[in-house]
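First chain written, first letter: the chains are A, B, C, D and E, and each begins at residue 1.
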Amino acid sequence: MIVGKIVGNVWATRKEDSLKGLKMMIVQRLDPCTDEKHESFVAVDYIGAGIGELVLVSRGSAANKALPIPNAPVDATIIGIIDQMEVPEN
Amino acid sequence: MIVGKIVGNVWATRKEDSLKGLKMMIVQRLDPCTDEKHESFVAVDYIGAGIGELVLVSRGSAANKALPIPNAPVDATIIGIIDQMEVPEN
Amino acid sequence: MIVGKIVGNVWATRKEDSLKGLKMMIVQRLDPCTDEKHESFVAVDYIGAGIGELVLVSRGSAANKALPIPNAPVDATIIGIIDQMEVPEN
Amino acid sequence: MIVGKIVGNVWATRKEDSLKGLKMMIVQRLDPCTDEKHESFVAVDYIGAGIGELVLVSRGSAANKALPIPNAPVDATIIGIIDQMEVPEN
Amino acid sequence: MIVGKIVGNVWATRKEDSLKGLKMMIVQRLDPCTDEKHESFVAVDYIGAGIGELVLVSRGSAANKALPIPNAPVDATIIGIIDQMEVPEN
């Protein structure tokens, strides 16, 4: 999983049918060791995360397993909202 | 998913049988936070997107789930046409 | 899918059994927008592509779907020979 | 698989149900040839690894196969604790 | 598939059960066009490759298909030992 910050929303009226009703968020990847900002991408949010929150994102075939829609063409899903990170050793 | 702009078309007469009839578009990845242009690649379009439009692209095993052809060897599909993006926090 | 140019051949006598008889080509990834050359890798060719040709390559779990061997450990397959690319907007 | 060093912990109270009880660690990728430090990410630990240890991490669809939960949306799992690496030729 | 050179061994006594008995090698990716050295990673060897040999590595879900253990959490497997590469056009 990667760590990211939710930085925005994206809307698409014309989309693949199984995506109807899914909330799409723009996430910017952050490195938990260096705090560096990396690339941004779009992830489905199914746990009620909001802008500014740090989240865990699962990508690839795992992303779909966090959704109740077995065949949605989703390759990135927010699977947790981060309360705390501790990086004592770096 | 990633955000991209459709920048062109690609034609291939000799191709794997299950791809016959699928429209292939050249997409350039864009970073929704920084507007930076990244690498370009080819995605199948099944929702009628056109050149110049911003789209959502799903990659990997999810890409095939957006198509009615269960075993097409497709690793990138356009799954939505973006109406609006809002990135208030960056 | 990505765009690449076939630049060479690779031979391996000792290999996983299901790969016997499959033709392996060295492909260099090209960016269809910028013409930049990227990394090279090895893809299975099942449609009769030759050195110097521009091809479409599918990677990941999709790669195997283009082959008649359901369980070959193949992660990149040439799925089309490109006739033409048009990138009007860039 | 990649080689990484466990550098921290991450806590998420609100998370996808199947992740409850799984320990999440922050791992920094290390190159076994050059010792260079690469990006950090989050992996599930199911074998009892601790901070400071060098580990093997499996990513993608393989990550889930190391867990007793068949449908957890996990894309990175620690699958071994490294005792020794030998890189005679470099 | 990617081309790599076997540069070392890795040992892990505590590891996921299905990995017992599998030989793990450190592989450094090489670009067959430019001979550039890229990142190193760990791949399972099931065909008897040795240090210094050039090999073909399959990654992702394909990696597991080269092993007789259907559910091993393996994301990279050596699938061939390279005898010769020819890159006439570059």
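Quick note on the criterion: a contact is a pair of C-beta atoms (placed from the backbone, for glycine too) under 8 Å apart; a residue touches a chain by one contact, two chains touch by 3 or more.
Please read all numbers here as calculations on a predicted model, not as lab measurements.
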item: Reaching chain D from chain B through chains that touch each other, fewest steps; value: 2
item: Lowest number of touching-chain links that must be crossed from chain A to chain D; value: 1
item: Rigid-body rotation angle, chain E and chain B, from Cα fit (steps of 5°); value: 145
item: Euclidean distance of C-alpha centroids - chain C vs chain D, Å; value: 31
item: Interchain centroid distance [CA atoms averaged], chain B/chain C, Å; value: 19
item: Numbers and ranges of chain A residues touching at least 2 other chains; value: 60-61, 63-64
item: Category of the chain touch graph - line, ring, star, complete, other; value: ring
item: Sequence of touching chains round the ring, chain D onward through chain E; value: D, E, C, B, A
item: Parts of chain D lying in touch with chain A, wherever the complex brings them together; value: 5, 7-16, 18-19, 24, 26, 28, 37, 39-43, 51-52, 60-61, 63-64, 71-76
item: Touching residues (chain side chain B, partner chain A) in the complex; value: 1-3, 31-34, 38, 46-48, 56, 58-66, 77, 79-90
